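As written, the chain order gives the labels A, B, C, D, E and F, with residue 1 at the start of each chain.
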Amino acid sequence: MDLTHFKDGRPHMVDVTEKEKTFRTATAEAYVELTEEALLALEGGGVGKGDPLQVAQLAGILGAKRTADLIPLCHPLPLTGIEVRVELEKEARRVRIEATVRTKAETGVEMEALTACAVAALTVYDMLKAASKGLVISKVQLLEKTGGKSGPWRRDRGEG
Amino acid sequence: MDLTHFKDGRPHMVDVTEKEKTFRTATAEAYVELTEEALLALEGGGVGKGDPLQVAQLAGILGAKRTADLIPLCHPLPLTGIEVRVELEKEARRVRIEATVRTKAETGVEMEALTACAVAALTVYDMLKAASKGLVISKVQLLEKTGGKSGPWRRDRGEG
Amino acid sequence: MDLTHFKDGRPHMVDVTEKEKTFRTATAEAYVELTEEALLALEGGGVGKGDPLQVAQLAGILGAKRTADLIPLCHPLPLTGIEVRVELEKEARRVRIEATVRTKAETGVEMEALTACAVAALTVYDMLKAASKGLVISKVQLLEKTGGKSGPWRRDRGEG
Amino acid sequence: MDLTHFKDGRPHMVDVTEKEKTFRTATAEAYVELTEEALLALEGGGVGKGDPLQVAQLAGILGAKRTADLIPLCHPLPLTGIEVRVELEKEARRVRIEATVRTKAETGVEMEALTACAVAALTVYDMLKAASKGLVISKVQLLEKTGGKSGPWRRDRGEG
Amino acid sequence: MDLTHFKDGRPHMVDVTEKEKTFRTATAEAYVELTEEALLALEGGGVGKGDPLQVAQLAGILGAKRTADLIPLCHPLPLTGIEVRVELEKEARRVRIEATVRTKAETGVEMEALTACAVAALTVYDMLKAASKGLVISKVQLLEKTGGKSGPWRRDRGEG
Amino acid sequence: MDLTHFKDGRPHMVDVTEKEKTFRTATAEAYVELTEEALLALEGGGVGKGDPLQVAQLAGILGAKRTADLIPLCHPLPLTGIEVRVELEKEARRVRIEATVRTKAETGVEMEALTACAVAALTVYDMLKAASKGLVISKVQLLEKTGGKSGPWRRDRGEG
């Protein structure tokens, strides 16, 4: 199997010039595993007008738009929709992030959805680190994509 | 416990104007769990001149420098040293990333080290996603920090 | 009336994936009200080769291209034309800025025109603040837009 | 009166290398004048979990950090504190924004405070423009600064 | 001959809204002339796992994506392919950089190819400057372009 | 001779945390060799209010501030002064660019001065390319630096 991002042993931005533009979506998720201290701080912080999770949510939206700046071989894409959810799963003592990105383009938006999740998760960490430095960001992963020549893909249907 | 990033219920960038500048370091890590296909592609790709893991490593260094742009309440800091390692742990079928960031500043560089790891991990995903979309980024976490009023912290010494 | 930028109470970047691309323009304006000192400095400064208003004009053009980076819920758009005028209205003792932005896209460029005006106005302030800190930026407002499903809009025709 | 941003008729970034670092603050404000439709939309939007004004507030904080990227002759400064308030003044049918920025540096943060206000105001416009395009951003102005050789300045004490 | 980037004496971003999107490519080159010390350092550095020229190559790819941010009157374009080669020409004691950029757009990608070359060349300088500050970047020039109304152009066919 | 930007074969951002901050300057230059057509266009363009060379000059100042974003292993530095000159040397049928950058920091600003020159030169090319695509950017080189442990360096004094 060849890595498409390499050509004659050199990284490059894959040429998609002649591919057709098709509708594409990608959905990813990430988790921030909280400590007890962080959970308490988060619940306390949520009482006021400022909701730390909304800060993370916005950071995720902005992060998706910076993907091609951050990931060297990503194509700059005209994103046409970004949704990010950031929710406290209190029982599981964790924050769950889910991001869906849409475009009509020659290539997919998997990296944009994953970057949105990662940036939102880092922002959750930033806001809670005064309470506890031991938080862990985990399971940053693609859940589903649609569009493109390779067609739909879903994590829960297994995968090669 | 109050969230320092909130004041009267509003997020803000914490005032550190009158804190003293001290030497600070932070070290973080992240993992990318590979599938069999991704491992094969990575080993094949590494044969040529272009090493996918070096792409990720550089992306991590650049990512650290973008932290204050990405994380809304982070202070812009004059980073004075960034090291990122990206290594294949073949037995464990995963890539391990470790980043250490240094500064002399009023506040710490934990977020910079974590952002370096997250961006490097996303870049690994990007380069291997043609082989397998099922890779998972996990355990993005702080390992150690030094400097600042709260002093040193190490994950392996347990933590409140 | 619902705010389109909110969905289930959460901000999001509105999904425009399936909208058609149409020609769109937007024109906005802004004013910088000068003090007597600032006016004198501006007229003096204009004598040399360097024209402070041209600095502001270029800053406006560059600012329009940064809109999606600055305004969290704005779509990144392929701008196809940007014009910015920055003119001293000596009688009125103010600087007037007018920006027109064009694209062929699924959504409009009102924010790009307004951002161009705001950044140009801030730049005028920056260049004159050594003469006088009391300058005021005012009437940053949309004058006209064309294209899109809602059709043309002009400020001077009143508005719903 | 010479414009300090010009030297031999050419714009330049003023040399502050040998100035001493001192504590500095700047506070600025801006207003978004609402229409009736926009006010209704804003009050409706505020009912849910997502508060449009918090989106603007965060955009303002991030905007302050981008000042040296946007304003050509501004120095990049190590900002040490940013506070932005965005409040609905219902009686006056307007949104008021106030931003305070702090640093310890060779030059002041007036532009950072003004940029925070302008970006927050543009974001308010963006979120309400579906309700009404006729909103006007006005009175983007410096209220107060402290620090630096020229000492404190306050708008309400009059000024040339 | 008029400069298209100027209109009524003011710089502007040329209006290409109604031009058709066509396939376009541009190829540019640049050289970094080495000193003896720099050549030795480069050859020594190339022995390990880290190849300085790959750092430059990636910087070039990322640089191409920043073109519209850097060059005031450039249009933001949806780049669809970027290739950068960075090779030591040992006999000539220099590094040669070649970049090809592709898009399907209303205007060409000459500036993107040239910017990729310039940023890669600056990066080569940065990595070798500890060995020798006397390196010279030279012949940053367009080699070829295709697409657009003006059709193909090649340096070696002569040109006015 | 080792490359300081590599450590154990991996590129890194050199640790300068414990170096002292000293005053530093760097001056660099670059040339854009014009064709006859470009010279005519430039002289014609200069007649109006808009001076193409001032556009390039500002782009150079802004470019210096983006150096650490563009050059992977560069430290982000608090630049305290930037001057850029862009002048037509009519006899020699070329444009000469000279940039001087200043800081008080742990490491030098050679890359910032060179980046300013390169970005200004690319901007000159951009503005003249409608007249002639055959322009060549040449001799992007450091002229002088002061400060730092290695002390002053001047090109004209020869160098190993």
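Before moving on, here are some points about what is shown:
Just so it is clear, a contact is a pair of C-beta atoms (placed from the backbone, for glycine too) under 8 Å apart; a residue touches a chain by one contact, two chains touch by 3 or more.
Model, not experiment: these values are computed from the prediction.
Under the touch definition stated at the top, chain B and chain E share these contacting partners: A, F.
Two chain pairs, A-B and D-F, are weighed by contacting C-beta pairs, with A-B ahead. Most remote from chain C, judged by the distance between CA-atom centroids, is B. Although chain E and chain F carry the same sequence, what matters here is overlap: shared residue numbers make up over half of all numbers found at their interface.
On a Cα centroid basis, the chain most remote from chain E in this structure is D. Separating the CA-averaged centres of chain C and chain E is a span of 31 Å.
Centroids built from CA atoms put chain F at 37 Å from chain A.
Of all residues in chain E, those touching 2 or more other chains are 10-11, 49-50, 54-55, 58, 62, 66, 69, 72-73, 76, 78, listed in ascending order. Contact annotation for chain pairs lists A-B, A-C, A-D, A-E, B-D, B-E, B-F, C-D, C-E, C-F, D-F, E-F, with touch applied as defined. Residues of chain E that touch chain C in their complex: 7, 10-19, 68-69, 72-73, 75-78, 105-106.
Per the touch definition, chain F reaches chain D in the complex via residues 23, 54, 57-58, 61-62, 65-66, 76, 78-85, 102-104. Within the complex, the chain F residues that touch chain E are 1-6, 8-11, 30, 35-37, 40-42, 44-45, 48-50, 52, 55, 58-59, 62-63, 66, 69-74, 110-111, 114-115, 118-119, 121-123, 125-142, 145, 153, 155, 159-160.
Within the complex formed with chain E, the chain B residues making contact are 49-51, 54-55, 58, 62.
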